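Some structures are shown below for you to check.
Below are two complexes that have subunit A in common, paired first with subunit B and then with subunit C.
Showing the complex of A and B:
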C-alpha cells in the first residue's frame, strides 16, 4: 500500500507548493520564505548538533556571514565612498557568500574539532558576540548599525524583483516574493536532499557513531577530529545559504537581527522538530518561524494573547514563551520531536493494516555504551 | 597610574561578581553534569524580586527574599524539568535549560519593560577616596560580600555533610548513590545554591555605577559563561580564577578604550570572549579543568 501512498503524498505536497504563490497573500509568502530559509539553516545545525552531537550556539553568526557576504560581493560600491562592494554577478556572489561562511567555519575548526559538549556550546557563543562586534565596526562592508540594502538576485537574465515589467501568470502578478518562492523551494529541496545523502551514507554513520560513542568511533577508524571540524564547516555553509536567502527576502540586512535570540531559536527548531533528521529540522523550522506571525495575525481570536499595542502578553512574546515551552515539553514527553511523533503514528497505522511485521530493534545505545 | 589602579580595583570587584555566577554554574555542572543556560534567568529573577520588594520590606529583607526566590526557582527547575528529562545526551539537557531560559527571560523582560528598577541598596553612589584613587563604595561592598559568600560556600563544600555528598556525587554518582547519598536531594541542593549565588551577583550587577536592573542584565550575565569555561567547568577554583580574569580584562579594555580605538568600538564587551577563545585554543579543558579520560 505504502508503495502507492508515499509517492501520492509527495505529489500532493509538490502540487501545494507550486500552487501556493497563486493563492497566498504577500505576507504569507514572506513568512513561508523565512521558514524555508530557517529550514535550510536548521538542516545544517541538525547535521552538527543532532547527528554529530556537537552543540553550537553560534549558528546565527554564519547566517550573518552569508547575508553580509552576499551583499558585499554583489553590490557596487556606493558613490559617496561610504559603502564598499565588489559588484560581482549575483549568482556568483551567492556562491561565494556560502563558501565564505564555510571558510569562517573552517577558521573556527581548531576549536570546533577539539571541543565538544558544553565547552563547544559556550565557545560558539563567543562567535555571536565577536560577530556583532565585527559587524558594527566594519561599516564599509556591513553598513553599520542600520545595515545596507540587498541587491536582488538575477539568474540568467531573470530578475527576482517586482520590476521591470509585471509578469502575470494565470491572472496573478508575479512579484519578487512569488519569484523568490520558487528559488527558495529549489534551494530547500536541494539542501534537504544533500543532507539526506550525507546522513544515509558513510559520513552519516560516522557522525552518528561520534555522537553515540566517540571512542568507539575512533577505534573503528573514524578520524574524529577531522569529522567534527568537517561537519562544522558543512553546517556553517548551510547557515551561509540560509543567510543569503534571508537577505534576499528582507532586502535590507541589519546586524542586530543576527543575535543570540536567533541562534537560540535555531536550537529550538531542531529540538522541537526532531534531532538528527532532515524532516525534523524542516518541521521545527516551520513551527518556530511561523508561530510569531500566526499569533500576530490572529491575536484577537486567541485567549491570553493581547492585540498589538495593548496591555498583556504581546504576540511576539507569546510565541517566544510558547516555543520555549515546546522545547521543554518535547524533551520531557516526546523524545524524537514532532517528526518522531509522526513516524510513531505512521508505524502504528501500518501495524494495524499489516500485522506481523518483524520488530526492528532500536539502534539507540544503552546506558552502558554511552560515553 | 591612579587610573590603572582604579580600573584594576573595579575589575577585581566585577570579577568577584562574575566568580559568584560562574561558581553557581560550576556547582550545577558538577552535581548534575548539566550546563545551565538558564543561569541568566535565575539572576534576573533574584534581581527582580529584590527590586520589587525593597520598597515594602526594606533592603535587607528584600535581599533575603531575592536570594530565597532565586534558590526556590533553581530547585523548581531541577525538580520539574531536569529530573524528569529522559535523554540520551547532556547536550539535549543543556538545550532544555535554554527553553526554560526563553520562557523566564521573555516573561521577566516583559514585566520590566523599558523601566530601570532601583534595588534600594544602602551604598548609593558614595565614592571612597583612598589616597589618589577613587573607588565607589558599591565596588568595595561587592568585593567583601563576594569574598564572604565564596568562603562560606567553599567551607561548606569541604566540611558539611552536604558538601561531602555533593563531592562524592561529582566524583562517581553511581557509587555515591549506592553509599546512601540521595542524588535527587544533592542535585536539587546544587540548583538552589546556584540560584542563591546568582541572586547575590544580581544585586551587585545592578548597583552604582550601573543605573539599575533593566532588560539588558541578562546580556551582561552572559559574560559569566566564558568565566566558567575559562577556569574549567568542573573546577570551583577555576570558576574563581576565570571570574577575576574576565572582570579585570573587561575593565582594563573598557577603561583604555581610547588608546585601543584602532581595534574598533565596544571592544570591552567582546574581550572576555576573545580571552576565552585564546585559552581554549591552548587548553581545551580550561585552565584548571580535568582533562577527560576514558577507560575502554
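Showing the complex of A and C:
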C-alpha cells in the first residue's frame, strides 16, 4: 500500500511546487520564500536543540551573519567610501557567507561544547546583543541602522531580479519572487536531505544519545564535547544559509529584524513542528511563518472581525489572538508537535492494514528525556 | 507492488506539461509587462486605477508601539477619501483604500508591500523609517508616490518618496535658536540632547550639533535605546554637566521619565522635544504636571487646536465620525498626507495620466502646497526638506489634541547655512 502511496504523494508535492509560481500571487510566493528560509534555519536549530538537546537562543545572530556576510562579499564598494564590499561573484559570496556563519559558530564552540541545555541558552542570548551592537555600529560593512541593499543572486548569467524586462514563461512574467522560488526549493531540499543523512547515520545516534543520557554517551565512546561543538557549528551554517535566502527575498538587509523575537520564533517553530526531525522543523517553520499573515489577510472574512483600518476588532488583532491560540493548542494537546500528529495518524492507518513494524530508533525525544 | 520506472517518468512528464500549459493562470499577462493602458475617457492608467476606482494603500501600525498614532492616521485618511468621494471623486473615479498593519515589524511591512503594492497607485502613509527603508528600492522601481510618517534626512533624495514638512534636524536648529532668543540660554552655556540611536535621533543630533556650534553652545549628548525606560542616569549626567536646557529626541515614554525625574530632582530647565517625543496620552499620567510646566516641542504641522479654519473643520469632522477615538498629532498628519496624495491625483487627472509615474510627476510640479494647513511645502526638490518652518507648541490639558501653539511658524536665521545630508 505505502509503496504506491508514498511515491505518488511525492510526485504530487513536486508538481505543486513546480506549478505554484505560475498561479500564485507575489504575496504567496513571498510568504512561501520566507517560510522556506525559516525552514532551513529551523532544520539547523532542530539538529542542535531537538536532536542534541542543546538550547540556543542566539540563532538569529547566525542568520544575521549569513545575511550581512553575503551583502558584504557580493557588493561592490560604494563610490563615496561610505560602504565597503568585496564585489565577489554572488554564488561565491553566498558560499563564503555560509562558511562565515560556520566560523562564527566555531569561535563560540569552546563555550557551546562545554555548556549544556538551558545554560547554553543563556550564553547564546549574549550573541543577540553583541550582534545588534555590531550591526548598528559597523556601518561600512552593515550599513548601520538603515541596512544596505542586497545585490541580487546571479547564477551562470541568470539573475534573480525583476529587471530588466521580465522573463515570460507560458505567459506568466517571471520576476524576482518567481525565480527565487525555485532557488529556495532547491536549497531547502538540499538542506533537508543533508540533515536527514546526519540524523539517520552514526552522528545522529551519537547526538541523540548525548541528548538522552550524556554519561552513557561518554561511556560508549562518543566524544561529547567535540560533538556538541560540531553540531553547534553545523547549526550556525544552516542559520547562515537561511540568512542569505532571507536577504535575497528582502532585497534590503534590516538589522532590527535579527532580534530576540526572531530567535524565539525559531524555537517556537521546532517545538510546534516536532523536536528532533527534519520534517518537524519544516512543518513548524511553515506553520509559524505563514499563519500570522494568513490570518491577517483572511480574518476579515470571520464573523465579528472588521476589515483592517475600520472600527471594531481589526484583522490584525484577530490574527494575533488566533495565532496565539493555535500555538497554545499545539503545545497543550500535541506533545510530539504537528509532525507527531502525522506520525500517529500514519501508525494508526498502518496498524489497521498490517501488524505494526517494530519501532527502530527514536529520532524525537520522549517527554521524559526532554531538557 | 512496484511502480515501473516508465510510469514514474510518465507522471513526471505529465507534471511538467501541466506546468507549461499554465496559460489559464490569472497571472498570465501574455508578456505585456508594464501594464499601462489608456481607458475609455482618454486617461492613461496603470496599476491601482480602473475605469471607476482608484486604490490607495496604507501600511500602518495598528498593533505595535505606534498603534494609537497609526489608528489616527488611518482614520483621518479614510475620512479625507470619504469626503473626496462625496464631492464626486477624482477623474470620475471613487477612491478606495487598502490598509495593512505591520505592527512595527519589518518583515510584515515587506510582505504588506508585496501584497498591496501591485494594487495601489500610491501609498498615503507608511509608518516607521525602518519599514520605508526596507521597501525603498521597490518604491523607486515602481515609481509609487509614498508619504512616510517619519522625518529622518536619509528618506530625502528619492523622487517618489515625499517627506512632509521639516526633517528632525531642521526642527532642532529652529528649536535651539528659539532657546537662545527666548529662553535665556546664552553663548558659552551647555545644553543637553537626549536622543534615540537610529535615524530619528541621529538626524535630530545633526541639527543640534550644527546649531550649538553656530551659536557657541556646548552640547552634552546622551544616547539611549528605544527599549530604555528609566532616564534617571541621563538626568544625573545632565545635572552634573550643568546644562541650561535639554533637547529631547526620544519616544513619549522616555520623555515622560526624563521630564518627571528632572523636575522631581529640582532641575528647573526648559525641555524642548522633537515632534515624535510627545503624545497627548502622557497628560493623564503622573508625569503630566511636569510636562505642562516645563516641556515644549517643535513641529512643522499645526497642532489640532490651531485657529486655522481647515484644521478646525477637521477636528469637528473627525469627532463626528470617530467619537470614541482620541485626537492626536496623527489626525492632522494623516489628513495632510492624504491631501498631498489627492492633490497629486487631481493634477495627474488634469494631465490625463494616472499612471504611477504620472502621479509622481504631477506631484513634483507643485511648489507651494498646504497654506490652509499652516505650512507651505515645496515639492519640486526632493533632496531637501519640503519646508524649513517650525511651530513651537506646548502641552495643554484643555486643548483639542492636547497641545497649543506657543510660537507661530518661523525659520531660524542660521538654517540657511545648514547643509542637509540626504540619503541619495
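The definition used in the following text is that the second predicted complex is superposed on the first by the 323 of 371 C-alpha atoms of A that agree within 3 Å, B and C clash if a C-alpha of one lies under 4 Å from a C-alpha of the other, contacts with A are read in each partner's own complex, and residues count from 1 in each chain.
Criterion: a contact is a pair of C-beta atoms (placed from the backbone, for glycine too) under 8 Å apart; a residue touches a chain by one contact, two chains touch by 3 or more.
From a predicted model like this one, the values you see are computed outputs, not experimental measurements.
Engineer: So, does A:211 touch the first partner subunit B, the second partner subunit C, both, or neither?
Structural biologist: First partner only.
Engineer: Using the superposition on chain A described above, determine whether A:341 touches subunit B (first), subunit C (second), both, or neither.
Structural biologist: neither
Engineer: On the A-aligned overlay, A:114 touches which partner chain: subunit B = first, subunit C = second, or both, or neither?
Structural biologist: The first partner, subunit B, only.
Engineer: With the two structures laid over each other on chain A, which partner does A:325 touch: subunit B (first), subunit C (second), both, or neither?
Structural biologist: Touch status of A:325: first partner only.
Engineer: Figure out whether A:103 sits in contact with subunit B (first) or subunit C (second), or with both, or with neither.
Structural biologist: In the superposition, A:103 contacts neither subunit B nor subunit C.
Engineer: Contact-wise, after the overlay, does A:296 reach subunit B, subunit C, both or neither (first, second, both, neither)?
Structural biologist: Touch partner of A:296: subunit C, not subunit B.
Engineer: Under the stated touch criterion, which partner chain does A:159 make contact with: subunit B (first), subunit C (second), both, or neither?
Structural biologist: In the superposed model, A:159 contacts neither subunit B nor subunit C.
Engineer: Given the touch rule stated above, what does A:198 touch, subunit B (first), subunit C (second), both, or neither?
Structural biologist: Neither partner.
Engineer: Looking at the overlay, what does A:136 touch: subunit B (first), subunit C (second), both, or neither?
Structural biologist: It touches subunit B and subunit C both.
Engineer: Enumerate the residues of subunit A that count as touching subunit B in its complex and touching subunit C in the other.
Structural biologist: On subunit A, the residues that contact subunit B in one structure and subunit C in the other are 136, 314, 317, 320.
Engineer: For the complex, which residues does subunit B have touching subunit A?
Structural biologist: 29, 35, 37, 81, 84-96, 98-103, 106-107, 110, 219, 222, 225-226, 228-229, 233, 264-267, 269-270, 273-274, 276-277, 280-281, 284-286, 294, 296
Engineer: Considering the complex alone, what residue numbers of subunit A touch subunit B?
Structural biologist: Touch list, subunit A to subunit B: 49, 53-55, 110-111, 114-115, 117-119, 121-123, 125-126, 129-130, 133-134, 136-137, 211, 215, 219, 260, 264, 267-268, 271, 275, 313-314, 317, 320-321, 323-328, 331-332, 335, 364-365, 370-371.
Engineer: Using the touch definition up top, name the residues of subunit A that touch subunit C in the complex.
Structural biologist: 3-4, 7, 11, 14-15, 18-19, 22-27, 30-31, 34, 136, 145-147, 149, 162-163, 165-166, 168-173, 177, 250-252, 254, 256-257, 292-293, 296-297, 307-311, 314-317, 320
Engineer: In their complex, what parts of subunit C are in touch with subunit A?
Structural biologist: 1-3, 8, 11-12, 15-16, 18-23, 25-31, 33, 58, 60, 62-63, 74-75, 78, 97, 99-101, 103, 106-108, 110-111, 114-115, 118, 129-130, 133-138, 141, 154, 197-199, 202, 322, 423
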